[in-house]
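Shared between the two complexes below is subunit A, which pairs with subunit B and subunit C, respectively.
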Partner chain A sequence: MKQFVTRRLGYSLLSLLVLSLTIFFFVRVTGDPAALLVEPGASEDDIAAIHHKFGLDKPLWAQYGLFMMSLLRGDFGQSFYYQTPVLDLYFDRLPNSLLLALVAMAFSLAVGIPTGILAAVRVGRFWDSAGKLFALLGLSLPSFFVGLVLILLFSVYLGWLPSSGSGGVLHILMPAFALGWYFAAAHMRLTRSSMLEVLGSEYVKLARLKGLPQSWVIGKHAFKNALIPVVTLAGINLVLMINVAVVVETVFAWPGVGRLLYEGISFRDFPVVQGIVIMGGTMIVVVNLLVDVVYAVIDPRIRLEK
Partner chain B sequence: MTVTTRRRDVLALAALGMAAGAVRPAKAAAPSGQLTVGVHITLAPTWLDPAETAGIITPFMVLYALHDAVAKPMPQGNPSPSLAESWSAGEDGLSYEFVLRKGAKFHNGEPVTADDVKFSFERYRGAAHGLLKERVAAVETPDPQRVVFKLKNPWPDFITFYTVASGAGWVVPRKYVEKVGEDGFKKAPIGAGPYKFVSFTPGIELVMEAFDGYWRKTPSVKRIVMKVIPDESTRLAALKNGEVDIAYSIRAELAEELQRTPGLTLRPTVGSAPYYMYFPEQWDPKSPWHDQRVRLATKFALDYNTINKALTLGHSHITGSVIPENFEFYEKLAPPVYDPDKARQLLAEAGHPGGFDAGFYTCDAAYANLGEAVINYLGEVGIRAKLRPLERAAFFKGYADKKYKNIIQGASGAFGNAATRLEEFVVKGGNYAYGSYPEIDELFPLQAVELDRAKRAAILTKMQHLLDDRTMYVSIWQLAFISGVGPRLAESGFGLIKGFVYTAPYEDITLKSA
Partner chain C sequence: MSMSSETIVLPPSVSTRSAASRLGDLPMIPIIILAVIAFMAIFADVLAPHNPEVGALTARFKPPFWQTGGTMDHILGTDQLGRDVLSRLIFGARVSMVVGFTAVIFAGVVGTVLGILAGYLGGWADQVIMRITDAWLALPALTFAIFLAAIVGPSMWNIVIILGLVYWTRYARVVRGEVLSLKEREFVRLAIVAGCSKATIMRRHILPNVVNSAIVLATLMLGVVIVTEASLSFLGVGVPPPKPAWGLMLSDGKQGLMVGYWWLTVLPGCCIMLMVLSANLLGDWLRVKLDPQLRQL
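Now for the complex of A and B:
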């Protein structure tokens, strides 16, 4: 077991190293941040001063070396645009993103799981078709479109909800719906397919043969096992909701990490983009590592794999 | 210490200063109400500190509220006396003296002194600071109300750079900055402007409250909240819903929607960014663009008014110039005329009766919609160009590196005056000049050392006419920035300061209910 965990930990660190390399060079391909901090026509001296200030006049390998050394000290650097430590910015925005992600996740599970179960139980009938239509719309309607329609309806025409910002319960309803909508459809599809698989298994047939009521078979025997892949996916989705809800947070001016990422990309604020991607990547790697370890505890065959 | 001054300047500027100060402390009603502004761009902490002012207009949106300058663009003039009630230049052009206004104070109650002005200048590290430091030999403070800038050589543009084209003239309290440090100042800035800092969430929201000790007048609105709403549609929805009173940057179809909405008002303001076509191959005898008639044909090919109506609801200005009309030494030229027949005739005379393939029309992707309209009109007369939109930074890098051919659609919103714009874009060695004309080049150094304003203006006027005569550029428009105003505002502040696209001065803004 110790060897298994050590090996997985090694893979995780390697993944983070590759991620740091990729994002470091990828953001630099997008162009020169100085050009976005001055007006067109600014003098060469002004642009050179910005390069010097942010260390962009150093060779690329030297910039990467400094970046990694800072990272190992837990320093994600200073934002070019905000001139504030990236971690301060990240942790200022994180509570808002967590709140939005949790509400959106609750909505997506509350909608996705029951509709998925209903579609699986009534497979090939009206509720299954309705569920498939819901999944199709959820996965194909872009969240910015859903967001704008919600704003038009509930803010502009009905005047019930604020169009943007944060601060109260009313502020979170529309962004949580717009963000959770896509994930509700994804959770519905996975719940449906997982339930269909479980409902066709021998032990469920046996439960039925024993004459147990349908609700008992579905709730007690099928649902619990069908839920495992859904919960695993929901964990990863929660990390995505926290870190990359870029469109929804931008449309609703929600002050979260996704909007910070959008600002970082817009201003070529390399440290901000790098910081958010590495924080998000770290969360995903940690979740995966935990899932691997839990699987290995449950199933000894996994930890014996080379 | 004695300073040689030119007294007629003193008198003229003192009169202007009196005009600016004439509105002073009339015991107005106490400030009340809240103004919420929906801002289109992310608010940065650097905007709270004048020392960090980059060469862009946006930080001034905040500076006009929190801080004040020795002199700055105001409704009375550009620049107009503010913390200084007057200034004067030495006869030899080597010194400038500013006399500070008595009674001006910072938000912590301390008076604004010459020492603060000197400290702020020396602390300044924003746009053009290298130029200012290179040319200013010393800053002297003979008494608490007087500041004297000593230059190394005569520099007629000193006032432009110190008061308009940079943040160097904006004043911060020395004692406070030294007490709290640089980071402490950005977290809780104290200025001498009409509004006091209350709170700031980077990128999200800035809250300010009226300063009743402001020298010019006590603001009418008690609280100003600047909320960043990045999405244009959401900004408009927030304005319609009454969540904000002002929504910056509402364009094209959304601007039309705003115009149709009862209670909302469209407020276009024309900034300092003329858009133009530039022909980098005009100095290459083998290129069709070498023939001036071809360049002139493009000028007659565009239906300027139709493009303006379609894209900016007719609010951009068709000036015919690449120098912003609000700049010092701007010379008004004859506006261009849409005459496609004349364009075809010129092309035929130049040996292109059936038109020609003009290659790429390279532009900043953010304004590709303008490029599309232009190449459609060029195509109508036979100039067949292909649109090549590039991401903004890449576009300007390629432009400055002189990599483009055929046609460039360029623009500049940089601060300055006609001379600074000509230096960058027209004369030999300019960052964006692919070539030049000797008759224009030889005039440039003459104006740079000319201390007589009238004579200097005459030289710069001549340069602008020569530029037009050679059809070096074809101006398309001076872009209008469109914002929306809600029903609660009596005076929004838009357009009060010429060439400034945001609302200001804040102390002039009034609410209907106030």
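Now for the complex of A and C:
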């Protein structure tokens, strides 16, 4: 167990190292990074100051060392637009993103799990086909299009919901729907295949042989086991939602991390963009590590594997 | 008697059924939709009734012809600069097609080559390539693409390169997995015994066996790539204006949304949706046809 965790931790650290190298490389490879790190229209002195601050006159490996040192100290640079540290801005916005992600997740599970079970129980019949169609639409409709159509319907024509901003319960409904839509389809697909697998297992057959009613077999015996992979995926997806909400948050002017990223692009605020990419990658590496470790704790087969 | 009539009828009925089912098996709807979009993309110059990048400010926000105020001159209305929406949609098909296909092919070639190298050579080549793949897969694709776009600046070809850089990892992962099992197979061992060089084995014996998977993946990736391109354009770091890209049209149309100018968002959105839906349907079909291994996923 200890060996497994150590090895897995090593891989994660390696991934983070490669990520930081990637970001460092791409920023440096396109020419003078000072051009990205100073505000447009900065004077020669400012550029020279940036060169000095980031040690851009030093050899590359030394530059990378400085870059990593500041990252490890939590210094992600200063936002040009807000004139505050990037990390402060990020953690200001994170609760909003988390709230949106949680509501979207609740919605996607509330839709995805029941439809997935229905499709698995009625495999090959009407509800299965309907579920397939739903999954296909979920994976094919871009979230910004869903968002704009929702605004058109519920804000412009019906006038029921506010089109943008945050504050009330009503504000979160449309962005959560637009964000959760894609994930609902993904959760439905996984619930269906996981349920099918469980329904074919020996103990479900035994439960059936015992003469238990169908609803009991599905609800009591199959459901719980079929849910394990879905819950795992939901955990990973929650982190993913925080990091892919940029389009939805832009459409609905929801003040989360994604919106911050959009502001970073529009104001040419490069430190903000870079900081969000680093945070996003780190978060996902950490979550993957956690999932693997938890799985190894639960299931000995995984940790005993080479 | 009934038996004899059956035996006479059976052979032709079998052959017609199989021919019909083979044809009916083709996913006609997505193929037709993609063909129409490809047709629009190729013959945009002939088909478009107006110049997509020039409008008349006197004719702004004209609705489609069936609504009051709409004219047959602008069948699908005009946008905030008075540009013809239909013409922009037609030229937008060209942007989506060119960006989508070149990015998918670029990512596919890079990912397949690196996947084969990693899988067949093993050792440090495998370690280096797969560590990069794993790390890059951890970055949310859209965020990574935005980051790259913020560095290199927006242009159509930059977007192709960015999408290629973001998505090659998907191919590398799948292809490497296949190569690992392929290289244990008899025909590869015999090729080694016969004295083939590593390069020859990879090119002549491994590559043809992973091409199917790569093609299936490419079709499925087409939808993802088009949505990403549209998202980038929507956020203002994709195809730069005034070039007509569907994502950009949606972004522009946002301004008119609250006053009810629905055609500026719904029409380009439907185009994106139809194209992505078709690519996904075709990809699913190909997956079942070409790759029994991927089917289980």
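Basically, the second predicted complex is superposed on the first by the 254 of 306 C-alpha atoms of A that agree within 3 Å, B and C clash if a C-alpha of one lies under 4 Å from a C-alpha of the other, contacts with A are read in each partner's own complex, and residues count from 1 in each chain.
Here, contacts are C-beta pairs under 8 Å (C-beta built on N, C-alpha and C of every residue); 3 or more make two chains touch, one makes a residue touch a chain.
This one's a predicted model, so the numbers in the text were calculated from it and none came from an experiment.
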For A:259 in the superposed arrangement: first (subunit B), second (subunit C), both or neither?
first
First (subunit B), second (subunit C), both or neither: which does A:250 touch?
both
Please work out whether A:18 is in contact with subunit B alone, subunit C alone, both, or neither, and reply first, second, both or neither.
second
Identify the partner contact of A:151: answer first if only subunit B is touched, second if only subunit C is, both if each is, neither if none is.
both
First (subunit B), second (subunit C), both or neither: which does A:45 touch?
first
Which partner chains sit in contact with A:57 here, subunit B, subunit C, both or neither? Use first/second/both/neither.
neither
So, A:163: does it touch subunit B (first), subunit C (second), both, or neither?
both
Would you mind listing the overlap between the subunit B footprint and the subunit C footprint on subunit A?
36, 148, 151-152, 155-156, 163, 250-251, 262, 266, 268
Note: in the complex, subunit B contacts subunit A through residues 42, 44-46, 52, 54-57, 127-131, 186, 201-204, 227-231, 233-234, 237-238, 240-241, 243, 364, 391-394, 396-397, 399-400, 410-415, 421, 424-425, 431-432
Can you tell me which positions in subunit A touch subunit C when the two form their complex?
11, 14-16, 18-19, 22-23, 26-27, 30, 36, 136-137, 139-142, 144-145, 148-149, 151-152, 155-157, 163, 240, 243-244, 246-247, 250-251, 261-262, 264-266, 268, 270, 273-274, 276-277, 280-281, 284-285, 288
Using the touch definition from the top, list the residues of subunit A that touch subunit B in their complex.
31-33, 35-46, 49, 81-84, 89, 92, 148, 151-152, 155-156, 159, 162-165, 250-253, 255, 259-260, 262-263, 266-268
Under the definition above, what is the set of subunit C residues touching subunit A in their complex?
131-132, 134-136, 138-140, 142-144, 146-152, 223, 227, 230-231, 234-237, 247, 250, 253-254, 257-260, 262, 265-266, 269, 272-273, 276-277, 280-281, 284
